[in-house]
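Take a look at the structures below.
The two complexes that follow have subunit A in common; it is paired with subunit B in the first and with subunit C in the second.
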Partner chain A sequence: MMNYFSPFVLPFVLGTFVLLGICVFKYIRWYMSFDRVQRSKVKKNILSLKFLPAIWEAILECLFHRKVFRRNLVLGYMHSSIAFGWFLLILVGAIEAEVCIHGSKPFWVAIFYRFFVHEHPTTTSVVFANIMDALLLVVLSGVMLAVIKMVYSKIVGMRRVTKHVLFDRFAKFSLWFIFPLRLLAESYTAAYYGNGGFMTQALGNLFAPIYHEYVEMAFWTMYSICLAVFFVSMPFSRYMHIFTEVFLIFFRRMGVTEGDEKTGYTMYELSACSRCGICIDNCPMDKQLGVQGVQSVYLLRDVRYKRGTEEVANQCLMCQRCSSDCPVGLDLMTIRRQVRTKESALDASGNYSYADNIQAFNSVGRVLYFGGCMSHLTPGITESMIKIFEAVDQNYWYMDKNRTICCGRPLLQQGFLKQAKDLRLKNQSMIIKSKAKLLVTSCPICYQSFTKEYNLPIKVMHHTEYIAGLIKSGRLKLRKDDLKVVYHDPCELGRGCGIYNEPREVLKSVSTLVKAKYEKEKSLCCGFNLGSTVLTMEQQTKVRDAAVESLMDKNPDLIATACPMCKKAFNHATTLQVKDVAEIVAENII
Partner chain B sequence: MRKFGFSISQTRSIDLDQIDFSCLDELREAVPTFMVCINCGACTATCSAQQFSDFNIRKIKTMLMQGQYEGLAKQLDKCMLCGKCTLVCPREVNLRNSIVNMRRILTKKNK
Partner chain C sequence: MSKIAIIGAGPAGIESASMLARSHEVLLFEKSSTALSNILDKAYLFPDFSSATDIADSLNSKLINENIKLMLNTEVVDIVRNDSEWKIVDKSGKNYFVDAVLITTGYQTFDATRKEELGYGIYKGVVTSIDMERMIKYNQIVNSINESPKRVVFLQCVGSRDEKSGNRYCSKVCCVTAVKQAIEVRKMLPDAEIYIFYMDLRMWGQHFEELYRESQEKYDIRYVRGRISEASSTFDRKIQIKAEDTLLGVPLKMTTDLLVLMVGMEASAGTKSLGCKCGIEGEYGFIKTATPHLCDNETSEKGLFVAGSCKRPMTINDVINDARSAACLISEYLR
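Presenting the complex of A and B:
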C-alpha cells in the first residue's frame, strides 16, 4: 500500500473529498426543499419503470451530448470529446489499474498510474498505454477546439459565446490546464522509464536529455493541484452541470416539473445549465435587437447566484426559441416567470368580481368557441370560424361573443399569479357549466393556457386542429386555389404546444404551400408576443421585420398564420395579404 | 330639504402646486411613451375590463396627472393585461407596460 503514496497526490485526494462532500450536501439540501407536489411525484415514481429510459437518456445526453451534436457536429465533438473522453480516461485508467495491479491499492493510482507503475512493458501495458494516449489526444483536441472557439466561435457554428463571470473563467482555465499537464507529466515519466504510449513516449524522448527527478515530481504536483483546483471550484461554477444534469434527467422522467415558486428543483435546473450559450444565438433580443446580458443563460446564472432582477427577466419576448434550442431541455420560461412574480400580487383578491355575473349557456352537444381577446381585434378570424361551423352544421356557443374575460395567460407571464388564477377559475367554471364536449379556440395564447394551465374535463382544440379534423372526416369540402402560401408558425402554437402539422395539412388542401426560411421550432417570433411589456414599438417592429423577411424566401402570394396576434403584427409590415388559416378555409368552402 | 334623487357634491379643488408628482415622474421614466398620449380613448373603447366595469384607462391617466391616488390602485387591479389597448393605440403608447409599472409604483407608494 505504502509504495503507492507520494505527497503530490494529496491535493487531488483532498479536492476529491471536498467535491464529493459539497455535492452530496447540496443535492440533499435541494431535494429537501422540493415542494409537496414535486416530492410526491418522486415518491410515486422512484421505483417505477420510468428509470430505464432515464438511464438511456442520461447516457445519450450527459456523455454523448446528442442534442449538441444535432445542432452542430463540431460543437458536439468539442463537448463530448471533453466530457466523454475524460470519462473514458478515468474508466480505462481504473480498468488498467485493476488489470495490471494485483492486490489492494488506493483509488488515486488509477489517475496517476504512469507515475507509480513502470516495470518492464508487457503486451497488456503497451496496449493500455496506447489506448490512454489516444483518449488523451481526443480530450486535448476538444480543449484545443474550446480555445479556438473562445476567439472564433464560428468554427462551432455559434454566432456568439457566453460572457462568463470571472469565477467561471477561472474554473474553465483550470479545466483546460488539466490535460496538457497530464500530457507533460506522463511524457516526462516516460522519458525515464519508457512506459508511455505513442504520444507520451514520443514527447518523452524529447525530454530524455533533460530528465530530472524533481522536475518530474513538479509536473505531477502541478497536475494534481490543477485537478484539485477544478474539483473545488466545480460546485460553485458552471461545471456543476456535469453531475446535476444526470439528477435532473431522472427527476424529469419521474414527472417533476417546475412550479410557480423557486424550489430545490429549480436549483437542480439552474445548476444543470452549462452556460454553453446556445440560447443566445437565436434569441431575437440579441440577434435582431442587440440587447445583451438578458438571455436565459444570463438570467439563470443571476438567479443561481441570487442576483436575479426583474429588469433582466422582463427583457424577453417569451418566444420560447431558447427553450427549444436548450441542449439540457431546461424549463427556461417558467424560471423567468418565477423571477417576474410580483410580491404584491399575493394578497390581491376580488379584482375580477365584475365578471361574476356572466352566465354559462347550456351547450350540451355543442362546440364551445372561444375567440380570445386578440381575435376581437381581427374579426375576420371569428367570422370565418362561424362560417365554418355553419358550413358543417355544427351547433356552437360563441362563448366570448359580446363580453369576454381574458384566459389569464398574459397576467401569468407577467408574474401576477393570483390574478391569473382568478381569471382561470372564472373561465373554468363557465366552461364546465356549459356541459359542452369540445372547446375550440382561435388564439394560441388561450390554447396554451387551456391545455397547460387549466384543469378542464373536456377536449381543447386550436381551430387549425379542428378544421384539419373536419377535412379528414370529409365534413368540410374545400376547393383548391393555386395561390402560393407560406405559413408562419406562431410561437405559442408551435414551440408552445407543438402544433406544426395541422395548419400545414389544412393549407395544403386549399392552396400550394411553400416553405419559409425558418420553419417549425426554428420559426421567428412576430415581435408582438405578449410575454414582453417593456419592448418599445421600434424594437417590436424590428423583430417583426426579420420574421416577415424570413417568410419571403419563395416569393409567396399570401402569408398565412394561425394567431390573431401574428396577423395583427404582420398586417402593416408587408404589401402581401396576411390571413389566418381559418380565413383562407372559409373563403374556399364549396 | 326634499330629496329629488340628486345630491350636492362637496366642493373640490386641485391645487396644482401641492400635487405629489413623484408617481408620474417615475412612470414617465419607466414608460416614456406614456406622455405622447392624446386622450383619444381608443384604449378604453376596446378594453375588455371596461365592458364589465367602470375601469377606464383614460380616467386613470387623468387621475395620475392630477395626483389623485385615492382608489387608483383598486382601479388598476381590474386590468387583465390582455394588451388590446396597446395594439389599438394610434400613438403607440405602451399601455400594458404603463399599467404594470403603475401597479408597481403604487404598491411601493402605499407600503
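Presenting the complex of A and C:
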C-alpha cells in the first residue's frame, strides 16, 4: 500500500472531526429541547412517507438554491455554484479516488487526491482531472461573484448586503480562500507531475520553471489549514446553515412548527439562516425608512447569539414581506414574537369581564358575521356586508355588533400571549355555542387569527371568499361598471393567509381590474399594520405613501382593498376613492 | 394705472379688490360660478349672530366698480414672473399680464368621509357643521327620518388636531362655531338635549368666553370632554356613539338623533396647487408668508402677495383685516 500520509493533512483531519463532533453535539442537544408537541410530531412522522418529498426539497433548496434562482439568476448562480459546485467536487473527488485507487485508503485522499496520486496518466485520470477542473472553475466563478457582490451588490440584484459581525467575516474569508488555494496547490503539483486538468495544468506549466518541493508542500498546507479554519468556525458562524437547512426541511415536512417559546426547533431555524440578507432588500423599515439592524436577518442573528432585544424585535410592521422572500422559508414572524413575549406585564384580567355576560345566539342555519374591531371604525364595510347578506336572503348573526371582543391577534403580535389566549377562548366558546356552520369576517387580522390561532370546528371565510362563492353559485347578481380599479393586497390576507385570487375574481365581476406595480406576495404594507406599536406617525405615513404610489401605476379610478386598516390608512393619503371589495360589490347589486 | 390680479373672489379677494380699485385696475379671478361661495351657506356669524347674508350682500356690492373686472368660471393654473411683470395663465390657456398678484384662494373644509369611523356619508344622521349651518339657515333641523331631533351631539376637532388625518394644527374657528350653532339649535328646538364633545375649548376671541358661559347658563348646552371614537347605527336609525368622558374617566355610549361633525379648515385645492407652482407652499398646503410678524402679506417672491385663509385658518373678521393690509402693501409696492 502506498503511503497516503503527509503532515499537512493533519489540520484538515482535525478540523473535520471537530466539525462533526460539534455538529452532532449541537443537533442532539437541540432535538432534546424540542417541546412536547414538536417531539410528538417527529415521533409520529419519522417513519412516514413524508421523507420522500423532503429529500427532493432538500436537493432543490440546499444544493440548487431554487428560491434564490427565482429571485435573481446571478444571485442563484452565486449561491449554487459554491454550494453545489463544492458538493460535486467532494463527490466526484470521492468517486475518482474510489475508481483509481484500489484497496484501502484514508478518507482525506479524496480531498488531496492530486498530491498523492500522480502516476502515468490514463484516459480515466485525464477525464477526471478535467471534470474536477471544470467544477473548481465553477466554484471559483461563484467566489468571484461573491467578492464583487461585497462591493457592488447590484450585480446580484440586491440593494444592500448584510452587515456581518467580525466572526462571520472571518469565516467568510476562510471559505473564499479555500478554492484559490486549492487551485494553486493542484497547479503547483501539476507543474512537476503533469497530472492536472485543463486549468490546473495550464497554470502549472507557468509554475514549472520555479517549482520547488517545499513550496508545493506550503501550498497544500495552507489549503489544509484553510479548510480546518473554516470547519472549526462553521458551527459558530452563519455557515452552520449548510447542514442545518437539511434537518430543518425534514422537521418541517414532519409537521413541526414554531411554538410560542424558543425551543430547540427555534435553534434549528436560527442556525438555518444563511444571513443572505434577501430579507433586508424589500423590508419597508429599510427601504422606506432607512432603519437598519432590525431586519429579520439581524434579529435572528442576535437571538442565536443570545443578544436578542425587544427594542429590535419591536421595530417591525410584521408585514411578512421578509417571510415571503426568505429562501429558507423560516418562520420569521413567530421568532420575532417570541422575543416580544411579555410574561405578565399587562394585567387585563378585569378588562373583559363584560364578555362573560355576552350570550351566544342560537345560529343554526345562520352565517356568523364577525366584523372585527377595525371594521367598526370603517362602518362602510360592515354596512355593505349586511346589505349583501340581505340581498341573498342569508340569515346571519352579527356577533360583535354591540359588545365587541377582539380576536386576540393584536395582543399576540405584541407578545401578550396569555391575554390573547383568554380572548380567543371567550370568542371560541361563543362561536361553538352558536352552532353555526360558517364564520365570515371582514378583517384579515381576525381571519388569520381564526384560521391559524383558533381551533374552530366550523369553516371560516374572509368576506372576499364568501362573496366570490356567492357570485360563483349565482346567488348574488352584480352589474359591471367601467371603473378602473386597482387592488391592494393586505399583508394579513395575502402573505398571511394566501388569499390573492378571490378578491380579484370579485373585482373583475364588477369593474375593470388593473395591475399595481407590486402585487400579491410583493405588495407593499400600508404602514399601519398592528404588528408595530413603536413606529412614529411620520414613519407610518412614509411607508403608506410608498404603497399608495405603487398602486397608481395604471392611473386607476379607485383603490380597492380588503382590510379596514389599509382602507383607513389610504383614505388620508390620496384624493382617489378608497373602498373595500365588499363596498364595491354592495353598490353594484342588481 | 397699474394692473393687479387677485385670485379668488372670497371675502379677502373682494375686500382688497374694492380698496385697490380706487387707484388701480383689478382683475378678480374666481374659479366657481359665483363669488363668496363659502359664505353663501352660512346663516349667522359669531359672536354677535349677525346675518351672514347681510355681510355677503355688502361685500358683493363692493364689486360694483368700473376698475374691478370679475371673471367667474376662470381658474388660474399658473403664475409666472416675467421680469417686473407677472403672467397669469388660466385654464383655457389665456394669458393676462399684471404688475402685482394677490393670492386669496382660501380654504376648504375637511372631507369628513375620511374619518369613516364617524359614519359621515354612511349614516344619514351624521352631518357636518356646514350641513348644520344650512339646516339652521333654512330652519330645517331634521334627523335621518325627517323628524325633529330630540338629541343633538356636536363633536369638535374633526380633521383638526388629529395626527391620523395628517392635520396637527387647530382650525381655530370650530370651537366657537359649535357654541354658536348649539345656541341656534336650542333656539329652534327648545326641548332637545344638546351636547358638545370637545378636547379643550379654545375661546380665544372677544365675547367668545361669554358666549360659552351663556350657552351653559342660559341655553343648557352640556359639555363632555372626550373624543368620539366611533359611530354606528341603531335599529331605529339613530346614531350610537362611543366615547370616553375623560373628566370622569369612564367610557360612555350614547344614542343621538344627530351627530354634527365640526370639520376643520384645510388649504383649498387652489391654494395647494398655486402654492406649489409659485414655490411658496408652507405647512399642510397653506401658503407660507415671508415672515410671520412684519411681512405676513408678502411672500418670498417680490410682487406676489397673499391674504386671508389661504395662509392659515382664520375667522372672517381676521380675513377682512388681512385683505385690507394686503391692499395697503400692494398700493405702496406699485407706487
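The rule is short, and it goes like this: the second predicted complex is superposed on the first by the 581 of 590 C-alpha atoms of A that agree within 3 Å, B and C clash if a C-alpha of one lies under 4 Å from a C-alpha of the other, contacts with A are read in each partner's own complex, and residues count from 1 in each chain.
In this text, a residue touches a chain if its C-beta (ideal position, glycine included) is under 8 Å from a C-beta of that chain, and two chains touch if they have at least 3 such contacts.
Quick caveat, the model's predicted, so the values are computed rather than measured.
Peer 1: So, A:Phe416: does it touch subunit B (first), subunit C (second), both, or neither?
Peer 2: first
Peer 1: A:Met537 contacts which: subunit B (first), subunit C (second), both, neither?
Peer 2: A:Met537 sits against subunit B and subunit C alike.
Peer 1: Does subunit A have more residues touched by subunit B or by subunit C?
Peer 2: More residues of subunit A are touched by B.
Peer 1: Which partner does A:Pro379 contact after superposing on A: first (subunit B), second (subunit C), both, neither?
Peer 2: Once the two structures are laid over each other on A, A:Pro379 reaches subunit C alone.
Peer 1: Per the contact definition in the header, classify A:Tyr354: touching subunit B only (first), subunit C only (second), both, or neither.
Peer 2: After superposing on A, A:Tyr354 lies in contact with subunit B but is clear of subunit C.
Peer 1: Touch check for A:His572: first (subunit B), second (subunit C), both, or neither?
Peer 2: second
Peer 1: For A:Lys67, is the partner it touches subunit B (first), subunit C (second), both, or none of the two (neither)?
Peer 2: In the superposition, A:Lys67 touches no partner, neither subunit B nor subunit C.
Peer 1: What part of subunit A is shared between its subunit B contacts and its subunit C contacts?
Peer 2: 376-377, 537, 568
Peer 1: Along subunit A, where are the residues that touch subunit B in the complex?
Peer 2: So the residues of subunit A in touch with subunit B come to 342, 344, 348, 351-352, 354-355, 373-374, 376-377, 402-406, 408, 410-411, 414, 416, 419, 423, 528, 530, 533-534, 536-537, 568.
Peer 1: Name, in rising order, each residue of subunit B that touches subunit A in their complex.
Peer 2: Of all residues in subunit B, those touching subunit A are 33, 46, 48-49, 51-53, 55, 77-78, 80-84, 87-88, 92, 94, 96-97, 100, 103-104, 107.
Peer 1: Where on subunit A is subunit C touching in the complex?
Peer 2: 376-380, 383, 401, 537, 541, 567-568, 571-572
Peer 1: Inside the complex, what are the residues of subunit C that reach subunit A?
Peer 2: Result: residues 113-114, 116-117, 119, 121-123, 163-166, 229-233 of subunit C touch subunit A.
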